[in-house]
Amino acid sequence: MKLNSETFVLLLVIAVLALVPLADISLRAILLLAISLAFPALGLGLLLRSGQVSFGHALYYAVGAYTVAVAQKLHVTDVFLTLALALAASMVLGLILGAILSRYRGIFYGMLNLAFSMVGFTLLLKLYDITGGSDGMGILRPTFLGHKFSNPQTAWAIYYLAVAVLVAGILFLEQYMRSAPGSALGAIRTNETRLEYLGRSARQVFLAGHVISAGFAGVGGMIIAYSTSHVTPELAYWTLSAEFLIVAIFGGAGSFTAITIGALAFVLLRNLISSYVVDAWQLILGIILLGIIMYMPDGLWTLFRKKPDAKAP
Amino acid sequence: MTHTPDTTAPILLEASHISVRFGGVTAADDINLQVRQSEVLGVIGSNGSGKSTFLNLCTGYIRAAAGEIRFQGRPITHLSPREITRLGIARAFQHPQLFLDKTVLQSIVLGVACRNRFWSLGTVFQPGYRAKADAIVRTFGLGDYADTLNSALPEGVKKLSDIAIAMALEPSLLLLDEPTSSVSSANKFIIMDTLMPILRNSGVTTIIVEHDMEIVERYMDRVVAWDSGQIIAEGSFSDIMRNEDVRQRVTG
Amino acid sequence: MTHFALKAAVAALALPLTLGLGSAQANEPLRVGVTTFLSGPGAVFGVPAKDAADLLVAEINAKGGIKGAPVELIYLDEAKGIDDVVAQYKQLATAGKVDLMIAGLSSSTCLALAPVIEDFEMPAILWDCGTHRIFEENDFDYIYRTGDLTPPNNVSIALYTLKHNPEIKTIAGINPDYAFGRDNWESFRTAMQALDPDIKVVAELFPKLGASDYSSEISRLSALRPDVVFTTLWGGDMNTFIKQASSRSLFNNSTLVSSNGESALQELGDAFPEGAIIGARGDSWFLGPRTAHNPEHTKFVEDFKAKTGHYPIFPAYHMAQSVTALQQALEKGWDGTPENLTKGFLAGMDGLALDNFTGQLTIRPDHQAIEDQIIGVTVKSPDYSFPILKQMTYIPAELITPPVGTTTAEWAKTLSPKLLDQVTIAQ
Amino acid sequence: MNQIVLLSLLDGVAMSSVLFLLAVGLSLIFGVMRILNIAHGGFYAIGAYGASLLGQYLIGASGSWLNFIVLLLVAVVAGIVLGFAVEKLVLAKMYDKEHVLQILSTFAVFMILEDGQKLLFGVRPYFYDAPLVLLGTIDVAGIFYTRYQLVFLPIVALLVLASLMIFFRRTQTGKIIEAVIEDTEISSTLGINTKKIYTYTFILGTFLACLAGALASPSTSIVPGIGAEVIVLSFAIVATAGLGNFFGTALTSLIIGLAYSISVYTYSEFTNVIPYLVMALILIVKPYGLFGKKELARL
């Protein structure tokens, strides 16, 4: 990866995530929340490359979170194992639903995602014996390869694990966009016909994108589960899906690093605002969002983007 | 520029008794046509004569009501465009189908990747693919536009870019739909003069649907004249132009 | 729109301000985290409890605090969602900004928060939630419950109901779709059927918490015409259900039975049906005969009325129980030094027996408080703008509470019609 | 058994009429403007809060026939003010933007309205059922139904449907809008002033949303977050019907309403999932909804 401005910003983000909590421990939780939000937003960022939006990715977020809870119920407490399980569970569900969803584009893709997520939300609410209904499920302190650490140690370990996974995730997405299936994602937006006439299935390309985005949402859910020690059906509610989308747009569909910054900015901004005025966060966010949509449609990405030469020489 | 057709060359594509109709219009009526290895076949006909239909039939875009199309001896009548493409039939479009968010080079590299190992996390700009793509860009004289977004290309260049992407698939049969339509008469020869050598050197068999008689006369080895879903004449340009019908119904 | 845990961080940024004030005082203040519903439908329950807590803590501080340490309350709003409350608590605890917890109006909050608090080894009192699962499924060292648990609430009202009307043959339940609702219905149903095996259950409805419309459910209940409609809907949900049901005359054919109905009397006023059998989830009620003539109680009721314009409802009493229990425990067991706070609290809570204006309760070895249950029948009163209770009866705790070490399920099996003979209700 | 069928039918009809009023405005706006208006939920909530608060304030718990004037008044005023403001201040600037951004802009408006309500009306639940009590109840097979839900709401729903039909079939403006629904491109080339039509349509849609809220308020308790609850529900209906088709919307409302109430009597555990199950199933079979057209498939 050559050191262009974007790489530099990424390194900066990593440094911030790694060092700030050491300076002020009470920021650790906030940053962890931002990270858990960044994952689904990154997933949606990938889908935005194909010009598609989902109003239902909270479903995969919730699946990731509940996987941790259910795994613990079955005495699987290892962090790395639950990470793998959350990833697998959300991707498998993504594959099953994606098999249907990949036929749809635009509003219908977005709406059908919404419908599935609301079904999931209601199931989590109603399958009382498995999910505890609206009580949700508690998450205990996990083990690390068999070691159980003290409460503070565990918190630190989970935080840095999350940071590491986030960086890995960003690097993966950037590599994916350099690969053939990733580069073909853009074709979903511009010209599926040509893709078909290059002998490749637009539907499969889109499905792959959907499954990966589901996986990212799932990992985000796994992190939120550990950071709050409790999961509830709210994690699947549509407003959360919309929040992911906002963060993605906030950062800008053009750059995964930007989306990560978007998540950080989003959460920090929320805390700042909420600590001064009660019940006005959504109002202010709404106004900010309108501003970004109208005057900065490419989000924070505009700040350090290199546009490919758009005019003929 | 035209070559005398090699009648001994093996048959690459064979359409037998192909019929298809849309509503009342007969687009193809019991068509029989053979295309031989490495020839450049021109399909002419008035608008709505069904000449473009033939390309759509060959690529599986529309299904024949009756008859069969064989490619390299293998029936392709019921295959999807994707499957047919995978067998080695590539096409360009009258209205170029381009990835408007990609540069010319990016699109061609993606084309090369589609032809080779597509499902891999490897960078699409890997040396192997890159070299192939660069070669294509060079031969098509697209060097100046390599890093220009397709959306920003002038019309004529769009056409070339569209064909270049098709060539990235290294097809054994190339289908071109009016490659010089909506191009200034000055540029149309430039396009064809870039294109033909490439086709000749690569030895790719080509079917060109064309309504511009100058182009047909200059570049086609063999011509079939199409009218209301039927082939009314077949042979070299000069041959079929002796045919009264053709002069009237096709070129007239 | 629930911001679940993300909102947690609010606390982190907001708290330094509030805490700054506290630490300015001479003695290190006791920083007590309190979770209750401050907004949403639950506020109908949670805000009176907050008022009671503020009232009592003001008194305590006016008298010099507990062992010289002023008490300082840090509220967490349960309406923001369980995840949010847990996350906020973790923030406070991690940053060392809270010493004690008074937690859990909602059973969901208790089930979620208790293990986390225990993990931080922080002393805590569960003040209102009723779920029996707390101490039956866990063995907590740091957590006590001054509020009582679900089985007594419902076994007592089942006994009362059958005493009041032995002819009951069919019952239906409509309860909120979470631990509290399901546990209450479960223990009421089993008690009724144990006390009278002929009783049939005709419907078990669990509308989701905060449902805004019960029309279809009411149609179904009206169609089934059960002798008893049992509900533990609460707060805004209770109000909505009762109003919608009353306007459709559901209670002409069915008796309303609610083990937590007392809390809805003042909210609903005359919309609340007469002849309903209701409980107050404990032995405290502002007109309860036992405390009616206790001057402390009179003062509490008057202050509360002056502060809020309402009479205290049972959540207010539950909060009062936990605050006074906390005070009594610390004054008994704590030497006043911050480092011994936890030890002192645990020592003080063990075997604590409370007998004050809130009524009587004793802490069992399993950290669970037990108390009698006051039950009555609603009747319109010239003196109040809302129905009050007649035929008030205290059902003794020992008859209706699973003994230590016995799970509710096992204990429920031991219930039999014979139990009815040991109870007499006021006529 | 028959009784159950009858009752769930009655409940279903009562519910369907609310669902229809809820969804038809959304459907109309999408049909004409191709915008999925998330703010719709916020408009509904404001209609509900406005109606019950104003009723309480002006008339009081006793209630009188004026209540119905108030219901309508609130819907009209809120509809015109909100509709005009949002269309002019936000949407007018969005028409040339990507569809994703258009949707998000309406979501931004939705969020602003959500907190606006909290600041204006507080967080305690409201329940003002005077209009409902006023109309009294009727006895069907020994069950008491409120005339309001069983008679009044369905009639209003039918009136709205009828007047929409007349408006679109008979009036000039209606025909023009119809044309726009059929094909935006063509209509603009026909020199139809789409801008003006967009404004009218959005105001009309907003009015319908506020009306739905106002009419629903007497039979439901109004709490923060109802907007979010109803918007997904109306999305489900509109998408199932086929976006932009409000006759389909009426039918779908009926289907979902009935399915819902039947589930209360049979599988009450899964009542809340019914609308989305219906939607998912129908969309899987008919990808563009019951009455949808393919051209809507692309953003």
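Should a chain be cited, it is by its letter among A, B, C and D, assigned in written order, with residues numbered from 1 in that chain.
By our rule, contacts are C-beta pairs under 8 Å (C-beta built on N, C-alpha and C of every residue); 3 or more make two chains touch, one makes a residue touch a chain.
Fair warning: this is a prediction, and the values are worked out from it, not measured in the lab.
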- Counting one step per pair of touching chains, how few steps separate chain A from chain B? 1
- Whose C-alpha centre lies nearest the centre of all protein C-alpha atoms? A
- Looking at C-alpha means, what's the farthest chain from chain A? B
- Query: Once you find the CA centre of chain C and the CA centre of chain D, what distance in Å lies between them?
  - Reply: 39
- Centre to centre, by mean C-alpha position, how many angstrom separate chain B and chain C? 79
- Between chain A and chain D, tell me the centre distance in angstrom, where each centre is the average of that chain's C-alpha atoms. 32
- Query: Listing for chain B: what residues touch at least two other chains?
  - Reply: none
- chain D touches at least 2 other chains through residues 111, 114, 123, 228, 269, 272
- Message: Quick check on chain C: which residues sit in contact with 2+ other chains?
- Response: 1, 208
- Message: Once you draw an edge for every pair of touching chains, what topology comes out, line, ring, star, complete or other?
- Response: other
- Pairs of chains, among all present, that meet the touch criterion: A-B, A-C, A-D, C-D
- Query: Which of the residues in chain A come into contact with chain D in the complex?
  - Reply: 48, 51, 53, 100, 103-108, 110-112, 114-116, 118-119, 122-123, 125-126, 237-239, 242, 245-246, 249, 279-283, 285-287, 289-290, 293-294, 297
- Enumerate the contact residues on chain A facing chain C in the complex. 25-30, 33, 37, 125-126, 128, 132-136, 138, 140-141, 151-152, 155, 224, 227-232, 234-235, 237, 239-240, 243, 267, 270-272, 274-275, 281-282
- Query: How about chain D: which of its residues touch chain C in the complex?
  - Reply: 3-4, 7-8, 10-11, 14-15, 111, 114, 123-125, 127, 129, 132-133, 137, 141-146, 149, 219-226, 228-229, 260-261, 264-265, 268-269, 271-272
- Message: Quick check: in the complex, which residue numbers of chain D touch chain A?
- Response: 36, 38, 90, 93-94, 97-101, 103-105, 107-112, 114-116, 118-119, 123, 228, 232, 235-236, 239, 243, 269-270, 272-273, 275-277, 279-280, 283-284, 287-288, 296-299
- Item | chain D-touching residues of chain C, taken from the complex the two chains share | 1, 39-41, 43-44, 79, 205-206, 208, 210, 212-213, 215-217, 219-220, 222-223, 225, 235-237, 239-240, 243-244, 247-250
